[in-house]
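Chain naming follows the written order as A, B and C, and within any one chain the residues start at number 1.
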Amino acid sequence: MQVGTTEQHKQGRGTFREGDKIFANRLGILEERSGFVNVISLSGVYDPVQGDTVIGVIEDVSKMSWLVDINAPYPALLRVDEVPWRVEYGETAKYLNIGAVVVVNVAFINEARNIEVSMKGNHCKKVEEGIIVDIQPSKVPRVIGKNGSMVSLLREHTGCWIFVGQNGRVWIKGDDDKMSLLVEAIHKIEREAHTPGLTSKIEAFLKGERD
Amino acid sequence: MELIKDGKRLDGRKPDELRPIKIEAGPLHRADGSCYLEWGGNKIIAAVYGPKEAIPRHIQNPTRAVINAKYNMASFSVGDRKRPGPDRRSREISKITSEALENVILTEMFPRAMIDVNIEVLDADAGTRCAGITAAAVALADAGIPMEDIPVACAAGKVGDTVVLDLMGEEDQEGQADVPLAIAPRTENILLLQMDGHLTVEEFDRALELAMNGCQQIATMQREALMKKYQSFEED
Amino acid sequence: MNISSIKKDYLYRLAKQGKRPDGRATSEYRPITIERGVVNMAEGSAMVSIGNTTVLAGIKMDLGEPYPDTPNKGALSTAAELIPLASPDFESGPPRENAIELARVVDRGIRESGTINLEELCIEPGEKVWVVFIDIHILDYDGNLFDACSLAASAALLDAQIPNERFEMGENRPLPVQDPPISCTFVKYNGTIVVDPSLEEDEVAEARYTVAVDKNGDIRAMQKGLSGSFTVDEIRQSIATARQMAPTIRKILEG
């Protein structure tokens, strides 16, 4: 579907160009911002960007590195010199075994989509408790909210710790009962991501005013 | 059997008329994108998984994603039970469907990856390959796969010496020609074209015109189905 | 399938308190819906959902020779396809062990409860009988395929007509079917047993147990699966739960 022309717009995300016409390349919501025409995805896999903080699951362990599932089309490499521990050769599994959950930064990504992650940045750590809630990566901005407003709301009403990975994995930690409520709330945000008045709906839900 | 009587077909349609079509985007819970399609007596379900790392590794392409469409007929979808699993016909359809879809998908965005497109024919009444492509295209859009266009397919053919749009079961069996067509509706570029039977060049032109027209009508329904899934969603 | 260690820990912790991740009680089933006659080309069909799990069963019939040891009876064949449409973990191709076990457990419940009157499907003893094919397609996998497939197969049989017309043998008539079995599946993890496992419960399950009961509450088929074990008491308790649950499910099935 045509969404603009190069005379009027700059070609933004989620679009492609033919001659002077700009077309949407996916199903999404049209957005015009600073002269760019963007199509914001409503669905789709996580497309990693350098600098993203994501939640990964160790899927393979070798002598000098780990392979991490970051919910992208490709697994990412985590080298022993990118973790906060001094790991002796061949002792990788002692620190992170298959199934272990980690918060990592996307440190490197090239044209061929080779991805490397690091545990040396902010927030990075091994996840030892709590649960991971999987949501559609396209819904991540809604769960975070404007300037983190939704996350604050969720925290305030459940008392749980919440960390939203850019790759659609949300780490929560708290009382089991509070966590169940929080999981429901997160899925509600995901389902109703593009409906108006989302924040007040979620607030009502958390207060027990069920709809 | 008289396939055309007083300008009307067995099911009462005019030669240039489609069968009733119903499209639903995203009915499946597990898939990344999905579509349920009813088209005349056909019932088709399509599911998309990916893009994900292509496995086994030797099928990976370092510069683009591989499209892996699988067309499968349920054993109970036809008159005499079909043996489960792929036969030569379904393998051929899987191949040409993969190729047709690959044309519009921006595969270079996902090197070394694979996109699985599973098409299941639950109930068959002629034209299942076209219905399969049409459903797969909606499932791909539902999965957020970047594409230049949403492909669409429809057949035309010749029955009772008349060129007609969208053959149903009896017309397919007793007819004189069948021309399945898939296009990218924006450019009307042809993504899939097959033909069997006997047509004059003029009849082929007419069949192509009918099928093109049918495709455009269905393309509108595909878009409506996708919109409907998100109709309650507005920017706030 | 790679389940993260903390998800497993969470399920284990809940299990210790007798809780489940979706808030159900250990002996609580998810909602069941059944839609009959969905496939025109089939002799009978049914789409069954248990929660988000959806399967479609279709019945086809053909003429064939009886088995030598049952010359007066029609034949039954059950197959399940774990088609890749339903889950990223299913692969295309010929049925693997899991699909074969699934089909055989469904088949056993139906066969042993005498659901189909196979004598009535004999046309010429020793020569010609009806062969009933039950084919089950998994469309959406969110746990507990055994019960979903069993219900779909039974509902499709109840919906089926003998296709006499297609074989020019007179008029179609209903397939002689009565009192199908009700199958109940349990899984065990971290010492807790739950009925109707969801996908995440299937993923952490150490042992699985399926029991099919008839309308009198008698047992007609069982299958214990996976590498974990059950105590005798656990099996007895599961049978009791299944017998309690069966009449409600039967009502939905016979609708």
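In the analysis below, a contact is a pair of C-beta atoms (placed from the backbone, for glycine too) under 8 Å apart; a residue touches a chain by one contact, two chains touch by 3 or more.
Keep in mind the model is a prediction, meaning the values are calculated, not measured.
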item	value
Intersection of the contact lists for chain B and chain C	A
Identity of the chain that, by mean CA position, is farthest from chain C	A
Winner on C-beta contact pairs when A-C is weighed against A-B	A-B
Rounded Å distance, chain A centre to chain B centre (Cα mean)	34
Centroid distance [mean C-alpha coordinates] between chain C and chain A, Å	38
Interface hub residues of chain B, defined as touching at least two other chains	52
Per-residue overlap in chain A, given as positions that touch at least 2 other chains	none
Complex interface listing, chain A residues touching chain C	57, 59, 69, 97-101, 127-132, 176, 180
Chain A-touching residues of chain C, taken from the complex the two chains share	2-10, 13-14, 17, 19, 23
Chain B contact footprint on chain C (complex, rising order)	38-43, 45, 52, 54, 56, 58-60, 62, 79, 81, 83-88, 92-95, 133, 135, 137, 139-142, 166
Of chain A, residues touching chain B in the complex	1, 14, 16, 23, 25-29, 41-45, 73-75, 111-113, 138, 193-198
Chain B to chain A touching residues, read off their complex	32-33, 50-53, 62, 106, 110-113, 141-148, 186, 226, 230, 232-236
